[in-house]
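Shared chain: subunit A. Partners: subunit B in the first complex, subunit C in the second.
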Partner chain A sequence: MTHDVIIIGGGPAGLAAAIYAGRAKLDGFVLEKMSPGGQVLITDRVENYPGFPEGLTGFELVEKFSAHAQKFGMKIENGEVASIEPVGDLLNISLTDQRTITTRSIIVATGATHRKLGVKGEDEFIGRGVSYCATCDGPFFRDQVVAVVGGGDSAVQEAIFLTRFAKKVYLIHRRDELRAIKVLADRAKENDKIEFVWDSVVEEIEGDDQVRSLKILNRKTGETSTLKVDGVFIFIGIVPVTDFVKGLVETDEMGFIKTDQWMRTSVKGVYAAGDCRQKPLLQIVTAVAEGATAAYAVEHDLA
Partner chain B sequence: MSSDKIIQVTDADFDETVLKSELPVLVDFWAAWCGPCRAIAPVIDQLAEEYDGKVKIAKMNVDENPATPGRFGIRAIPTLILFKDGNVVEQITGAVGKTVIENALSKVI
Partner chain C sequence: MTHDVIIIGGGPAGLAAAIYAGRAKLDGFVLEKMSPGGQVLITDRVENYPGFPEGLTGFELVEKFSAHAQKFGMKIENGEVASIEPVGDLLNISLTDQRTITTRSIIVATGATHRKLGVKGEDEFIGRGVSYCATCDGPFFRDQVVAVVGGGDSAVQEAIFLTRFAKKVYLIHRRDELRAIKVLADRAKENDKIEFVWDSVVEEIEGDDQVRSLKILNRKTGETSTLKVDGVFIFIGIVPVTDFVKGLVETDEMGFIKTDQWMRTSVKGVYAAGDCRQKPLLQIVTAVAEGATAAYAVEHDLA
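Entry: the complex of A and B
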């Protein structure tokens, strides 16, 4: 059977696309390799999504999105996409469990994942002091000393979150001022447990069976020093999850998918929305807007 | 909904249930506060059904059972550890897709 649209990814972009596709009575479903949510699930608190002035957890928001999508008839199915192949006017999706799905259109809403530092010790100590999720792993560092690497919104928000558990949080940033929005930056500067390590980069993560210290290079002075820590949380940006469409749709050099303002990619019938797409602002509110636009474009283009 | 094939293990019965098990055991170390743990839960449920009789699939709540995670140096969740004959065969940290876990399971069956 041939579907109207398959939405790949069950984060905010995919679930918003599902709401709009469901209400447009398009036939199809959401494919998610885990359970719905995506990066939102690792967020401690969402404070900037309209309609929730008190803020809410990532969990709570995703549950609302997911229930909302299913209310209008879009099912969320479990499956991981291996590849997409255009066949005439149709598209074949191959899943890693050997299933094949035929559809007239696809909305790629696979989002992004954390970027790695790429230094010695990083892979070796994942789960033993190296973390990319403060809400998951923060409680393992009660009364210990941790470092956060990065200077954007995520890094600063997670550093503040970690002060609930850790006795000290170093915030290591390559520049001498934060890139994070002012409300977060001010909150971090007012927090006694946070100590800034400016103009610095991590050169190596050291330890035995656990992380014990970081080798830090000060980019201004050229000096190297050792910082004793029990853990290091890395928030230096994201990489798009677009390997499975590499060579099919046009992307930028980082792998973010290029689209027009209807969210159409370079391949007919393939659309992209959310953090996997090349755009200036990576937020839940932009992801849902793009999901809605992509579903509307599908409806428009199929008519 | 959680599969009834999943075994809940605790600090008290870990040695008996996991280390002395005749079948290989995959233990999912998780906590309620952890988003990615929730994200992989449906995959763990599916594996419990599909590998029934071949691999025991178990879960340990690290909040209620601090000793065992400490024994294995766990400082991140979700962590999946695959045990066979009391030894660690493979340790996977972070939320991963089903195929990654199945590749690990294929080493013991």
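Entry: the complex of A and C
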């Protein structure tokens, strides 16, 4: 059986694509390797997706997107893509469980994952003090001391969130001012529990059975110091989940997929939407709009 | 007093820009010449804005967007813009009521309005049988016969809507197949009250104190005929509301404003978002994403 479209990834971009594809009565489904939601699930509170003035949790918003897609008949199936191969006018998707799916079009909406610091101790202490998700792991650090690494929106938002649990939150940033939007930066600066460690980078994560301290380099003075912490949360950016299309579609040097404004990639029949795509603003609402646009383009291109 | 940003237009794009600008603590407000909502208000039911699986009316969605913007401190003020003049690094906005507003940036989100047929009788019978809004005027045609002109999503959706009231709906389209998405086209074809008039254009709207008939030209056969109707609804596309920036920012030949992917126009400090902008897909969700992106760009460019 040949499908009209397979949507890879069940985050906001993929689910929005499913809403539009389902409403357009295209045949296909969403492939998700875990459970629907993507990065949004690790967001404590979404307060800027237009239409929800009171805000809602990432989980609640994903539930709404999923229900919306299913309302229009789009199913969400479990499976992880190993590779994609164009065969004539069709595309074969190979899954890691050996299944093969044949389809006329594919929307890649696999999103992105956290970037690692790449320092000694990071991999070793994952789950024992090193975390990339404040919502997931914050509650484990009640009345303890944690550090957040980064200076963008995510880092600052999560640092604020962590003050609900931790007694102290160090915010370690390589520059001497935050990159985060003003409302977040202001909130962080007004928060007594947050102490800024400017111009600094983490050189090593140290501990025994769990994280105990960070070796910090001040980039301005060249001085090294040790910061005692019970945990460290790393929010220094994202990397796209696009390994499985490397060499197939055109990407930038970071691996983000290049598209035109209809979300078409360099390969006929393959589209990309959301955080895995090269684009200026990574927000839920832009991912959703791109998913919708990609599905519209699929419908248009198939007709 | 000099503001950070003035958002012109209170439809989905403008209100989303307000949500983002307000949350970023930018100083400014939304200028709307009528009441917030724009074209969405004349949409009977919005079923594809992701996050609302059950659908909602255009009015309800706009209420949510407005509340969301106001939650972040953005006010919606009444006023119609006559012109914009750059003065050094600032922009002066002149209103039709003679007020002047000085601001560092402007987001143009004035949307679009219906395109006219440009035939004899059209202007004469507006409000007496000629309409551009099925939601507004449909109920006046209970058990009567109406025609819809157009073949895109709007035309077909409104034709279906009108069957709730009218006893018969002619769908007059210049081609022999619909441009609308399949789900809508299928619904229209399955509807017994809808009769298609293919390959045809309206040459004249005729009547006395109100519309009585349409003069129709079949473009394939060259034959002219008369179609008795009590009303005619025209949905043949849109024109951007951009007269007040003509000669200031770069537009295409239709008047749609050109921007980069950050929604920046050719004039420093002036941004555009939504249906007034040159872009591929005119949907609520894309307008909203563009409004958010424009506000983000404003914040970034001011910093």
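Quick note on the criterion: the second predicted complex is superposed on the first by the 303 of 303 C-alpha atoms of A that agree within 3 Å, B and C clash if a C-alpha of one lies under 4 Å from a C-alpha of the other, contacts with A are read in each partner's own complex, and residues count from 1 in each chain.
To be clear about the criterion, a residue touches a chain if its C-beta (ideal position, glycine included) is under 8 Å from a C-beta of that chain, and two chains touch if they have at least 3 such contacts.
On a predicted model such as this, the values are computed, not experimentally measured, just so you know.
J.: Let me test your reading of the model: by the given contact rule, A:Val288 touches which partner, first (subunit B), second (subunit C), both or neither?
T.: In the superposed model, A:Val288 contacts subunit C only, not subunit B.
J.: Between subunit B (first) and subunit C (second), which does A:Ala16 come into contact with in this model arrangement: first, second, both, or neither?
T.: second
J.: If you stack the two complexes on chain A, which partner ends up touching A:Asn48: first (subunit B), second (subunit C), both, or neither?
T.: A:Asn48: touches subunit C, not subunit B.
J.: Touch test for A:Gly127: subunit B only (first), subunit C only (second), both, or neither?
T.: first
J.: Of subunit B and subunit C, which one touches more residues of subunit A?
T.: So, of the two partners, C touches more residues of subunit A.
J.: Find the residues of subunit A that appear in the contact set with subunit B and again in the contact set with subunit C.
T.: none
J.: In the complex of these two chains, what residues of subunit C are touching subunit A?
T.: Within the complex, subunit C contacts subunit A at residues 12, 15-16, 19-20, 23-25, 47-54, 61, 64-65, 67-68, 70-71, 181-183, 186, 261-262, 279-281, 283, 285-286, 288-293, 296-297, 299, 303.
J.: Applying the document's contact rule, which stretches of subunit A touch subunit B when the two form their complex?
T.: 33-35, 37, 40-43, 58-59, 78, 80, 96-97, 126-133, 135-137, 139-141, 209-210, 231
J.: Provide the residue numbers of subunit B that touch subunit A in the complex, in ascending order.
T.: 31, 33-43, 46, 63, 73-79, 91, 93-95, 97-99
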